[in-house]
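Take a look at the structure set out below.
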Amino acid sequence: MSVLSLRRTRAAAAIAITALVGVSLVACSSGSSSGTSSDTSTGSSAGGAAALDAALAKGGDLTYWTWTPSAKAQVDAFEKVYPNVTVNLVNTGGAGDNNLKLQNAIKAGTGAPDVVQIEYQSLLQFVLPGDVLDLTQYGFDSLKDLYTPGPWGAVTSGGIWGLPQDSGPMAMFYNKTDFDKYGLTVPTTWDEYIAAAKKLHAADPTKFIANDTGDAGFTTSMIWQAGGRPFVSDGSAVTVNLQDSGSKKWADMWNQLNEPGLLDSVPGWTDQWFKALSDGSIATLVTGAWMPGVFEASAPDGSGQWRVAPIPTYDGTPVTAENGGSSEVVTKQSKSPELAAAFLRWLNSDPASIKVFLASGGFPATTADLSSSAFIDQESAYFGGQKINQVLVDASKTVAPGWQYMPWQSYANGIYGDTVGKSYLNHTDINEGLKAWQDENVTYGKDQGFTVKTN
Amino acid sequence: MSAAVTDSGIAPRGTPGGRGTRRRRVTIAGASPRAHPVGITGGPSNRLTIVMALFTVYTLLPLAWLLINATKTQQALFSSFGLWFSGPFAFVDNVRQVFAFDDGIFVRWLGNTLLYVVAGAGGATVLATFAGYGLAKYDFPGKRAVFGVVLGAIAIPGTALAVPTFLMFSQLGLTNTIWAIIVPSLVSPFGLYLIWVYAVDAVPYEILEAARIDGSGEWRTFFTISVRMLAPGIVTVLLFAVVATWNNYFLPLIMLSDPNLFPLTIGLQQWNLRATGVSASPIYNLVITGSVLAIVPIVVLFLFLQRYWQSGLAAGSVKA
Amino acid sequence: MSASAPPAVARRRPRSFVGLGFTAPFLLVFAFVLITPVVYSLYLSLFRDRLIGGRSFVGLSNYGHVLGDPKFWDGLGRVGLFLAVQVPIMLGLALVAALAIDSGRLRGASFFRMSVFLPYAVPGVVAVLMWGFMYGDQFGLAANLNDLIGSDVFRPMTPPWILVAIGNIVTWEFVGYNMLIFYSALRSIPHDLYEAAALDGAGSLRVVRSIKLPSLRPAIAIATIFSIIGSFQLFNEPNILRTLIPSVISTYFTPNMYAYNLSFVGQQYAYAATIAIVMGVVTAVIAYVVQLRGNREARS
């Protein structure tokens, strides 16, 4: 067998030819676009809204990317009301794959859908480079009062970039069976929570008050609740301060669970985790109000064991934060922006659509639904007949204002495990982990051309 | 004398009188049914069988997990011990659900995968066989460079090439089409090297010379004689290409956004995300059962191709 | 040895364009599918992408940055170590399995051939799913083994063991693949060699040493090179496991994962391209060195 040669004599010619092809491709393809300014919109609101209605009457085709379970039912309902419009629904599986495909399509300059689901935390990443259509021109500001302040704030910063689909005010889901069995009282403050954690784990070392292997979304929401505002995004000027008083407050509190090993190391959103939720290994779950649907679907064996209570606080005053939640947006690439905007308007503000959404266990962002007595008084069989929405709606009213995400939040969350993960793994001070995370974020932000400060 | 066996490799052939025999024997693939070479002493060894059996436990255990869990209902999956049966035997029901879910998209995915495999893997085997043979048996300008370039290109991690490939295909309007899967599947550098290595030894020059002297053109020789001798190698390359295309995941993920074009891997992973992600729908049992179903055709293919591994070689033909 | 051999026979490899004809179809598709993106990546590596400011030309500074990037070296060191341990073990197992199945001394050889091959047929995602379960220290097999022994010894998904755990998965997945390569090569050995050996009274082990192993040398070389390339490009297994243990497996656990996360999570396509090119060069150099040593041994 002859030697492998790294001489590229003849192949050099071949490479040169393909290089020419490659270079011409580069010239054609759109790289990531420059510019940070948000689109300013023109045109009167009233004219904008009428244009949407006209587009609906005229009809056409749309592509809608989402991973919401109720999407198909919503699309079906929409097509019944507007038979001239055909919506091509694509289930993208989850936020990660969804964003990946969207990024690729944007980079290629073609292939992006008309309407796409984007989590609140990832919005800026698409808004800043100008990939999302500003909906102010279609009179969407008149829809402001339909939504609670948190979600609305998440989709509006220098423009109206989409409409909220749901919200996720945090509450505490707890396993009543465990609490009764081990004589725990439902905590209202974090100190009580920590006490309950110790009591539970001492009584039965296979049981834990909660699990946490490092969840950036959870951490940021908890910092939010503790009063921290570590991220400030103002165009290209960003502040990252994960050592502000709120961050420290949460980290010091959570250390009391992490360092003595009171947190289970089952990773969330795995089949092992669902098992643990079903059999009482995990006694509480502090997470967003969209969780009941997931309980019912994936932890059916836990039915009847769980209840909902307000999230514990530091000093007894009710306050909470949002965790997760998505919006839908219209992309700049859309060839039928008015039709897309009209569909979006129906999708996230029309009562018929929201009704379908709620039926599959979603938690609304609309004030009307949050205050409807039918919604509030619903009894949940899974939660032992408790009127869980009472707790969840109350939570939605205590969401602390003023929170912002970074323009590169998906990336930041992606590297959370690299940095803060060590603290969970080794049961050491989370503050140090947060500092490491902050440093990585500052480096990344500067690399990306932002001006980044740390206080 | 034991001149037939030397330490440096296979006995030199084509040396007139080298072994004192001038036999001309050509065996065609599949004609020799014996599973092992002739003349080896010793019958079946129990010790060897036991050792291999232990090894097989290692290779088959996770698959047993898969099979066992494909018989469980969604409910039982999350509440039972993984390595034994539990609850009602739901395999048939799971299979039915797999085929019915989402308006039967699984069948569509199965069909897509078959298409990609036949066109892509089949094409890859053809191209690799031609090219490997060419490299093994002929000399041409630039031949040495080919090795270097092919190796150099595959030494670069594919994940970083995914975006340029995507952009390229996007410019040509090929993204989200079947060609986005089939065309990249046509390149099997490993197949190229395999056939090349096999062809060097498996297709002796004497046979080629004999054919040339008989007046056969190169391509005719290739199709009528060489291919048969390369059969075990071709079959191996085909099997590998089929498995690689069948299990192809990353590039299709990037290239396709229309679920109607998905191969099985992407479709199953989507179901997996739906089953365990935030928008959890209870279909984890479909993921498991779907995975089992996805393996079955490969097994069938393997069983079908087995006989081509019977020796199909010329055993030293020398011109009389 | 008279002059009965005409010159045409002495020239063993006709130098002509026929060979090019055989090779051309492959090369054309190859150029399109692989060369063009590589060239584009090379071009891209000279730039820099920023969310604010777009794309700008930076020459070779990305390469300088890579060489000073601790995350890159962390990943590179890890796959190097992985490679040094896992590849010999896997190829050794595959070789023994192939020889055993080909030996004719195994009962039910076809069954073993299929069973050893089967893991390769399983899609990577499913394979990691299965092993992820087995490794689980709460519900998985590791947990049961721990209970049996009464200690906490088996914890495959913790930092000291994670590389071994991944190595096990990769070995499990690919031992059948390599076994088949060796097996096919063994199947190609002409029978008259065995007949001659039998005539000489050679036993099984002698046959293995003198006939089979030498014939396998090219196949072993190929399998080694491709395993080396595969190890340097390790991605699938750690990436999927990462969702289970994000604190143990970082985004730069292997260079390939680093490039992936830079591209698809961080949108730093140019830097990712640079990492890929550097990895490609490292891999090619190592593969070339291995190849050279293999040739030297073959000739000696």
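Order of writing sets the labels: A, B and C. Residues in every chain begin at 1.
Keep in mind that, in the parts below, contacts are C-beta pairs under 8 Å (C-beta built on N, C-alpha and C of every residue); 3 or more make two chains touch, one makes a residue touch a chain.
Not measured: the values here are computed from a predicted model.
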A-C compared against B-C, more contacting pairs: B-C
Most central chain, Cα average position: C
Between chain B and chain A, distance of the C-alpha-averaged centres to the nearest whole Å: 41
For chain A paired with chain C, centre-to-centre distance based on mean C-alpha positions, whole Å: 38
Mean-CA-position distance for chain C and chain B (Å): 15
Shared-contact residues (touching 2 or more other chains) in chain A: 1, 4, 6, 14-15, 22, 25, 100, 107, 269-271, 275
Shared interface positions of chain C, touching two or more other chains: 27, 32, 35-37, 40, 44, 133, 139-140, 218, 269, 284, 287-288
Junction residues of chain B - those touching two or more other chains: 141-142, 146, 149, 151-152, 163-164, 167-168, 197, 200, 269
Chain A-touching residues of chain C, taken from the complex the two chains share: 27, 31-32, 35-37, 39-40, 43-44, 49-55, 133, 136, 138-140, 159, 218, 221, 242-252, 261, 264-269, 284, 287-288, 291-292, 295, 298
Parts of chain B lying in touch with chain C, wherever the complex brings them together: 2, 4-5, 7-11, 16, 19, 23, 27, 32, 35-46, 48-49, 51-52, 55-56, 58-63, 65-66, 81-83, 127-128, 130-131, 133-135, 137-143, 146, 149-165, 167-168, 183-184, 186-187, 189-190, 192-194, 197-198, 200-202, 205, 209, 212, 218, 222, 232-233, 235-236, 239-240, 243, 246-247, 249, 264-265, 268-269, 272, 291, 294-295, 298-299, 302-303, 306, 309-311, 313-316
Contact set on chain B toward chain A in their complex: 75, 77-79, 141-142, 144-149, 151-152, 163-164, 166-168, 170-171, 175-176, 197, 200, 253-254, 257-259, 269-270, 273-282, 284
Residue numbers on chain C that touch chain B, as the complex places them: 1, 4, 8-9, 12-23, 25-27, 29-30, 32-38, 40-41, 44, 93, 97, 100-110, 112-127, 129-131, 133-134, 139-141, 172, 175-177, 180-181, 183-185, 187-200, 202-204, 207, 210-211, 214-215, 217-219, 222, 225-226, 229, 232-233, 235-236, 255-256, 259-260, 263, 269, 272-273, 275-277, 279-281, 283-284, 287-288
Residues of chain A touching chain B in the complex: 1-2, 4-11, 14-15, 22, 25, 28-29, 65, 67-69, 90-95, 97, 100-101, 104-105, 107-111, 113, 269-271, 274-275, 278-279, 290, 293-294, 297-301, 324
